[in-house]
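Two complexes, one shared chain (chain A), two partners (chain B, chain C).
The block that comes next holds the complex of A and B.
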């Protein structure tokens, strides 16, 4: 600590700060391009020139780069000195030599750093009259548009893409004034974080290809602080809307979570809200009706069903919607649940119960500081930004160990990888627990790997244990928590939960309510079912059972903002506002409740789920419940978190731990010759599944099998095989993948749903002769 | 370019790697050079091959291949004439030499003459300022050049084939 003087003003700085960082922290806007808070200093652009005055009066003042000049106590800095201003002006003039005069048609216009800096320091006119250097652009896929002529060579793109996000398909080619940022060949950028190029680029080289399709000038966009609805991390976003439609999503700085970046699912998944199939008009028995008519019809059906009523909330429904539905069902003496699969319910509630028991869960910023991590499952597809945080931990020297059954991009950075079938995950976790309790010698390769993992974890200053809930069963989740306890107070536990509000939904879920609900529908105990934001009919494992069960219903009432299988099958469909169109609260993987504000209204405004339920209650003659009251009933002392703030931990009564880990067998029973595993990718999520641009990147449907096993079974790459599930039989081409465990067939979510199997379920594979 | 040939060249080269270069990636420049000597230039398949052999990504190989102006990513003629166009040579008439060379060859700078005999490339400073305007013919320094000398030189290259 100390102070520097900038143009006479005393500025405090932290140890290790450079002059630019210290100045920006107190709002002194030294112009810059290549410096980035997270990516650091490079000194490539030469724009942040300032003058420093040496203590020795015999020495002349000198111009230095503020981003490369360490802050030292008593340093005299001048931003306004003539020499510094001349350097900055010269830099801008040189950069503008080759920069095109296309601001009026450039997508970056209005939020262009180069534009701002040129106005701030550059000469107002160009002197250069020669030919400009031009480049051929590349096709970088459906998400990012390339316009190389605008480049000012700040290297932010490759520093983010290669050094920070550890991608290897975007580089800095050539040299001198022809430096070219692009791919080896045309093709979509492979990184799940590629969309951040749009924001890190200080000019219009990389722009949002989706936003371009329905463009608006940034100053015309309506924005408000929002929270990403696409996974349990809860990154903060800034949606932009115009004329009643959502146009784009930008990152919004949150010091403890996403900071400057978001993943491509978060940036491009928003297209679901403008999908042509999105339900916007209420329907009763396939006839379009007014909101009031639909509400009256729903109320009549609910009255007719008396207490034979069920309400299914959702892990992607906000806290208000779930709590209101629960309150309504309580008033009607019906059954309330939030999950479509009992196994996922137990898994999620177990995870939340364990998280409530542990010391505070690490934020993303803290995860970057861990020095060892055990990752169970595929984080990239289920919580992309946690993957990015662990990539930073890896860069800082952390040892990553991955225990998984199918492909996961993090294996590239793992010190140890254990690829085992789903039914062996639990046994491996138990072995790790045993080893931590009593270290023993390794006898074979797998034991050696387990020993390595246990060694990293026990030796680490702060080990992190993180599991993906969707591909784990409750006993495994509990064993992971036990391992965390066994490692002592240094260890930290986290889970990637199966939805933006899975934590909140789990807290509101009565124990075993999913199976109770399903059985009640099957036995005719429920005649009217209200589904809010859930898609039980599209569930991978139980979709077929739900479809059969729902045929027994008199009325299926669905509230949703996407055209899911359940919404399509609804007798009464009440379209609700998408996330950017309403305000509400999500509880993220840490248990942090974050509020999001309504960004815009559609030309025909849609109500939120909570509002529909309040209206429904009124139609039923019940005292209209109020979300705030309902939430303070559920969570004592509840205060709605203000959108745009850091959010606050949700004070909730502890969930009962339902799982007895002693029932986990040393090795799960082998479910048969082949076991299904879910292979997912970063765009795979119920809402983002309606985003056309993102879907263009979805991997082709294939049966992923380990090459060694394929060889022993005589199955070749590309060969078509028949997969037999309990619901359907499918023929798919085989794709060989080293990251698939023996005896495991890794399949996409859609394929699993069609076959009727879930992650870890047995499956039959037949060769087609 | 033939992949099999590439592989043979690279394998031969790998076998000759000195013990002081235990890391395969350290051999990337000599490898690219070896392939270029054998095949004239590096096509996309060659870049992929080098990436495979060194364990680097194709992006990293491409970054290096395109950084070094003596590594060719496009076909060149059997002879390569690199005319210096930096300050000294430029002041002594290099720009005009490049115009003459382009006119003589009948194809734009950087392209191969239809008979495949030669390519003319502009070059950054060759360190031959004492012989300005200077050039490199297949790695051999020539200069000072004038229009007549240049034309004679190109004619000789064409005849040599």
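The block that comes next holds the complex of A and C.
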């Protein structure tokens, strides 16, 4: 678009760039604090002073802020001019006047922008001998530590927190030299993206409170490019490890996915790998044994079971582990499955089949550009970074419509919200489909809302339809895909899948394998079950059935890195490496295969799932399968994606899934008076559930009910009610929430598992007199 | 040639005289280890961790000593007390690798790590030369008497709230805009 000259060097720039952005793009280090690639320019810190020379020689050169100066063709800029250097030195000297000089105990030390800039442009000595202005700190919860004296007033925190992530509980207070960034009062930050403050803050005002407990300097940390294992988005991360333990997670820039930010589940969920209860030693019948002994014991049991064997992979197991287990089960003529719930299997495979049919699934960066979106379910809890991308779309003026049964933070930004019980979601999607095919007049309020949604979707240049698989059934997923087809080629479809590698697991899953496996165990057709990274006994809906079925097994062999209910019940437990301790591949919601590298080894190294299975095959006398060969058998032309790259689309054959679009009529009354709905929060995930700091933020167990229904039933807020599920009865306090549909009780995942009900299942509620 | 002979003799006698003189002179050699020479205070020998005037550990586990160490002989792990005060959970110096360069002392921002005039550290195995924190931490202030890092740094610890440091003014009340 043209060039500017910086200290005699010709620099190209793009239309709309400022001088700072153009200079940083080619590696010219103009000092700055408040500018951020995503948050933009503000001109608050005054550090990026440069001198520009006007074309007219009669005019004197000016000192301007590089971040606020638009790049114009032929602009003469000098970074090294004396006047500019003096301004920068003055800024640093001024910022350091009130600095607490506590770098030795500051967690930012070593990666502190203020340290770098002070060394780069500041005066070497302190002249000011007066006293410093001080601030008290706030308790911002278990994730972010606050140390306000270190602040340099760059406003990056509030710009991220309020403007970008649309949070409302952190802001700037006071004025002049006493601007204070904090909450109205002490308390945990409410935003699911609060952890990014640690990274956007150029000094140590916001630091990682979890890392602080086992702090190590950045230069001591071992890092390698990795991918987040906590949801299907597949954000790129940079884990840091030291002395054989995982210490922290930082965001790693990926231009199409997470870019500069990750959610708090991704940043703090990693603690599961350092959980005190994590299995690190193999066990056979509750006796600690060596890896070889456990392997031999497992091989003996597998040989004894002959073909009466099953293998259960997982949506959180990497592609290599799942594919190797499948290959082993083929060799042993056993049954292979990857899901613990047949309903979830059908839902996920249907979704993946639909995604394979669509032209292209939008990346996060593209989702920010959509101008209308229909969201089915609670995205914040199931794919937090998609939620953040849609918040950007909302900031850009997109109309969001949310169709949901339980609380979801996105309703705050929704133009239209439809709060309906789980069994009516499908009917509403059908009505939308009908409306798009043949627009009709609305007769009541709900139809008016449906009409509104259909109107934005049809009027939009690029409408996005996105569903949360865990709270949808297969026909609803298919109908959402039909709606996308009906909206034409502009419409884009996406689903938040139930695990980091749910896409890959679904591609490897034989049709109806989960129900086949459960029935085979119940009928004694499977005597030895190998479970890799799955927790069938802790399944919300079918946990009780699995527990009964597994009692019929001779041997339960579990390969896992967390102490799940299944790992606790295992006859033979083979601990495996957590994701940061091994390399592997996850396939995200777009079908993008991304490799992650092994960051570190524990003091006693653990094998990955794929390695355990190869060793097991060797013990069985089979030719040990090789992950690369197995994967190229499953996916023609498969090439392992290189960690640290953008990832590559996984070329897979279309999934042979029977697409069922029959939605049960919602007109009739639901079998029960009440229906359970899953209410989840951003930290709720099988692995992150072992992260102690994150769990401190988990909402208290309660039965969430719509206030209008509670009034008609005579239930008051805080009243304790008895919930009767097929497995257990529980007494819980009632919490009234406007975002819960009528006739629906929204419950946390743990409560659902205890009661033995899934999302959308009937449930009895009794008042305790 | 004739002239040289007496010179040689004189030289010879002079040397003999010097030798004889030294035979009765005061001894420079000390019979170490029975007798020990006083070493200068800034001698770079065995490393210690000192305490501040209040008797607390001076080390705040900032890792600068381990970063600057040219032979990588210092290993530590930071942790913190319930009141927020940082200290090293483990602090280990491998004296079989240490070259006593004193960089760690120079890098230490809290004057905690100090080299002492003691070099008598012989052991029979390398492992015994790995000193743990218990062996390094002394009950004294070492060379720098009276210095307390936390009195100067603007962070709160037990016994010193924000704004109570020697360089600080009382904290700003952020609930009001009035000066």
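Just so we're on the same page, the second predicted complex is superposed on the first by the 760 of 769 C-alpha atoms of A that agree within 3 Å, B and C clash if a C-alpha of one lies under 4 Å from a C-alpha of the other, contacts with A are read in each partner's own complex, and residues count from 1 in each chain.
Just so it is clear, contacts are C-beta pairs under 8 Å (C-beta built on N, C-alpha and C of every residue); 3 or more make two chains touch, one makes a residue touch a chain.
All of these numbers come straight from a predicted model, not from anything done at the bench.
A.B. asks: In the overlaid three-chain picture, which partner chain does A:486 touch, first (chain B) or second (chain C), both, or neither?
C.D. replies: neither
A.B. asks: Which of the two partners, first being chain B and second being chain C, lies in contact with A:68: first, second, both, or neither?
C.D. replies: A:68: touches no partner chain.
A.B. asks: Just to be sure I read the superposition right, which of the two partners does A:173 touch: chain B = first, chain C = second, or both, or neither?
C.D. replies: both
A.B. asks: Once the two complexes are aligned on chain A, which partner has more residues of chain A within touching range, chain B or chain C?
C.D. replies: Counting contacted residues of chain A, the larger count belongs to C.
A.B. asks: Counting only touches as set out at the top, which of chain B and chain C does A:183 meet: first, second, both, neither?
C.D. replies: A:183 sits against chain B, while chain C stays out of touch.
A.B. asks: For A:217, decide between first (touching chain B), second (touching chain C), both and neither.
C.D. replies: Only chain C; A:217 stays clear of chain B.
A.B. asks: With the two structures laid over each other on chain A, which partner does A:100 touch: chain B (first), chain C (second), both, or neither?
C.D. replies: In the superposed model, A:100 contacts chain C only, not chain B.
A.B. asks: Does chain B (first) or chain C (second) touch A:442, or do both, or does neither?
C.D. replies: Touch partners of A:442: none, neither chain B nor chain C.
A.B. asks: Quick check on the superposed pair: does A:134 touch chain B, chain C, both, or neither? Answer first, second, both or neither.
C.D. replies: second
A.B. asks: Go through chain A and flag every residue that touches chain B in one model and chain C in the other.
C.D. replies: In the superposed arrangement, which is not itself an observed complex, chain A uses residues 173-175, 180 for both chain B and chain C.
A.B. asks: Taking the touch rule as given, give the residues of chain A at its contact with chain B in the complex, in rising order.
C.D. replies: 162, 168-176, 180, 183-185
A.B. asks: Report the residues of chain A in contact with chain C in the complex, numbered from low to high.
C.D. replies: It is residues 99-105, 109-110, 131-137, 147, 149, 173-175, 178, 180, 182, 212-217, 219-220, 243 of chain A that touch chain C.
A.B. asks: Quick one: in the complex, what on chain B touches chain A?
C.D. replies: 44, 47, 57-63, 66-67, 69, 124
A.B. asks: Which bits of chain C are touching chain A when the two form their complex?
C.D. replies: 60-64, 66-67, 77-80, 86, 109-110, 149, 152-156, 162-163, 165, 167-172, 174-177
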